[in-house]
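A quick write-up on the structure given underneath.
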């Protein structure tokens, strides 16, 4: 139902740790960039939107399940879609696999709120919801409570 | 009940992003170092243990709730304790505040498993559980299922 | 004379700092990945080479001149070539600009040595020099001293 | 002559790469924090100064020589002092060793300029030069050209 975007990123040497796998903190970089690209494909350039509105979409919570490792020079495919969205929160859902391997290596959920640049809460504007959910987004909104994980 | 450790870290300029706050991925660095220090205070030097046993404690899932920002040059206090531990998983729980401010800025849970260096699963060894839970750790273990969040 | 490679990378939000520009440490990530891609285009997959030979090419020195900033969501083009190579060191030279802007934002030089995995020095193998300099690489080598900056 | 400051930092797991040593980009984080602490010991709290003046001290060039590795859980001592300062640039010099080992693992030089928040060049203000060089700083200034490396 919700539009998917695939963001591809190659694991760098700097992303590895001495256990020989991508460090678990690196994934949050990838999830962030995947959101930027998902919004771009939905018609919203985050940088321009932030500059024009002086609003932001900070992360309010993350859940990441690491099911298997990925390694230096592998290409990670970050499949990204909107899990749920309301007027006060947007939940991005993710499934990551390594290019050419079908098994899911990571699943994640990242919830964003909308704030002014000095941190005051705001309702998520129409242009963001439209980029996330498409035309007719009003009919796809859920209550805020239902943007929470597992609901 | 469980032993707490407090890890203090100063927010660096590199940790900030253009929204003027510490980037959400940075927190995973702090949570990791807080685990290393919690284990050290419990008598286990992670580096030596990893070298001696060729085992590791990879992160299998994380949950982070960002309740408020922290900023450049603030000192973050990472309060760390064992939320639950079993023979197959250890869950670290965290509460973060900025030194001198009582409000909690972040809460987190990080679950670790035990593996050999090539990734094969292992039971969590006694010396790790003892460092986490102290003497008499056997009586404090839960079933693996109960190391999951919210249970 | 030397083969050039262009590595393109988009500045992420995580790469910025509170001054609103890409943090100066981020550039070293980009320079590293540009080397991996330069070698790949020269026929050497670094990951496979490292696995097969148990050798590495650690950075021994870096010089970076930041001539102007780059910002979130800009695409940085990392122009990469071999500045000088000998049997004991390879110097990568770089010029970075923002896509669509002609001015150079950064210049850099990174010198690599060759070591075994436990750190012992080794001569740079033929397959690496061939990937860097092409066939007939023997005629393009300089003395080690001449891999140093400004010489 | 110039005041030295020692900044101590423990190498984190996240700082390592799959070669089992601290990644070369990590050092720039440490050098930055060492500058913040050097200024603090000289009486200038960078955060407050930046907020009050809306000026900044961006990095204009870096030179780093990696003489030996440092590893997970080692404590790195970053010895920091002013190599040269003028009205238009400050050069920080560094020598890094691992606590308890006398050999120098890294040497570095980082040159800063002074700019307004929108990037326009400014003369380095007195309060910064005083924090760097102490009272009587006017007599210790060099010409800008002499802040360059090797001069």
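Should a chain be cited, it is by its letter among A, B, C and D, assigned in written order, with residues numbered from 1 in that chain.
We take it that contacts are C-beta pairs under 8 Å (C-beta built on N, C-alpha and C of every residue); 3 or more make two chains touch, one makes a residue touch a chain.
Since the model is a prediction, treat every value here as computed from it, not as a measurement.
*Asks:* Starting from the Cα centroid of subunit A, hunt down the chain whose centroid lies farthest away.
*Replies:* Result for the farthest chain: D.
*Asks:* Considering B-D alongside B-C, which chain pair is linked by more C-beta pairs in contact?
*Replies:* Between the two chain pairs, B-D has more contacting C-beta pairs.
*Asks:* Compute the distance, rounded to whole Å, between the mean C-alpha positions of subunit A and subunit B.
*Replies:* Once rounded, the distance between the two centres reads 24 Å.
*Asks:* From the C-alpha centre of subunit B to that of subunit D, how far is it in Å?
*Replies:* Going by mean C-alpha positions, subunit B sits 31 Å from subunit D.
*Asks:* Could you tell me the distance, in whole angstrom, between the mean C-alpha positions of subunit B and subunit C?
*Replies:* Chain centres of subunit B and subunit C, defined by C-alpha means, are spaced 36 Å apart.
*Asks:* Which positions in subunit A are in touch with at least two other chains?
*Replies:* If we look for residues of subunit A contacting two or more partner chains, we find 13-14, 19-21, 25, 28-29, 32, 72.
*Asks:* Inside the complex, what are the residues of subunit C that reach subunit D?
*Replies:* Interface residues on subunit C, with respect to subunit D: 19-21, 24-25, 28-29, 32, 56, 58-66, 69, 117, 119.
*Asks:* Could you list, by residue number, the parts of subunit C that touch subunit A in their complex?
*Replies:* Within the complex, subunit C contacts subunit A at residues 10, 12-14, 28-29, 32-33, 36, 45-47, 71-73.
*Asks:* Where on subunit C does subunit B make contact in their complex?
*Replies:* 13-14, 16-21, 23, 25, 72
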